[in-house]
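A, B, C and D are the chain letters, set down in written order, and residue numbers restart from 1 in every chain.
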């Protein structure tokens, strides 16, 4: 089972955990990414996430499929938020259930590492005195 | 921050995630262990977890302190359930927040691996035709 | 040929809009498009990197473009 | 000396109770206790392993016991 969602409403850790839990697997590993209040010492007021939606979904699905086949994962959920987020809100949740616990940790780490490299989603940090697209400049 | 709980009521993934989330860390890794419906092909009806409570709590605290110092974790939560659990219910949740994502995965994996080795909690599997204390016999 | 290009993130700021038209030689490739973008909007040179997606997938420089393709500029991503 | 011992998990089934009294020589150690347990209740030999906690911490065989100690049999754990 793979469940990919790109949504502009709050994400739920319990929902993602429940989606991958099954009576036949013994453990789930989740990564929950939240919005930080500072970048390089500068206070962030809020964030905006923008996505090239159809490709963001298809790239997240690609990641889930790769993780599923490489680590024999039973179920993988990737939910990503878009729109305006306040400090502390959840931007992304990845949940992975595998027959063996070690594989779930590896697959989840692979998924978040790859998501940050390939999925067309952009984060804009808004400060008191301006705003910046993260990662745009070297 | 370290939060250790041994309780006989349902555990909450969202509660544990919220407990470690903080505006200053960017990510949380959680392990959620659920009750399996079979062992070696035999159908499990329900489970009972029994703990030597004061030492279970102190051993879980030791694990959290070690993980905190080895991986510079900001916050670690370990909640373990005791009593009768139905199939699919959550037996344990470990949540770790660290400044760097890789450390959170490592610290969480260390915590669940060590918990399964050292924390005095015992699981009894109840089948249709009998019951067995898990791991008791070679 | 005339193609329509979508822009996201900082690319939207650079081209001052979410989409725009660009004239390209017939049988232009992704590589040709990138050169043209950099000469029309020199700010693209200042990005850490940028990629081109055609019809919802990343494409290499030798990929041939067609007039009806959905072409998207993908500046450095920062999801998660 | 006479000590009180707590049992959990399968140890409870072996000694048929959550606690019991045992007579030990004065200045007995954890090692002596384990031998005595195995000779009184041979089923302890059949366990994958078992440990002894004294006053809420695991103790090695050479640890000396006192009459007032909280002594607990820890059969193989299976939490998580």
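As a convention for this text, a residue touches a chain if its C-beta (ideal position, glycine included) is under 8 Å from a C-beta of that chain, and two chains touch if they have at least 3 such contacts.
Quick caveat, the model's predicted, so the values are computed rather than measured.
Hey, which chain ends up farthest from chain A, C-alpha centres compared?
When every chain centre is compared against chain A, the largest gap points to D.
What is the distance in Å between the mean C-alpha positions of chain A and chain C?
Once rounded, the distance between the two centres reads 26 Å.
Round to the nearest whole Å and give the separation of the Cα centres of chain B and chain C.
From the centre of chain B to the centre of chain C is 48 Å.
When the C-alpha atoms of chain C and chain D are each averaged to a single point, how far apart are the two points in Å?
Once rounded, the distance between the two centres reads 72 Å.
Which residues does chain B have that touch at least 2 chains other than itself?
33, 112
If two chains touch, include that pair; go through all of them.
All chain pairs meeting the touch criterion are A-B, A-C, B-D.
Taking the touch rule as given, give the residues of chain D at its contact with chain B in the complex, in rising order.
6, 8-10, 13, 46-48, 53, 56-58, 72, 74-80
Within the complex, which stretch of chain A touches chain B?
12-14, 17, 21-38, 87-88, 90, 101-102, 105, 108-109, 112
Which stretch or stretches of chain B touch chain D in the complex?
Chain B residues touching chain D: 33, 49-52, 54-56, 58, 80, 91-92, 112, 115-124, 133-138.
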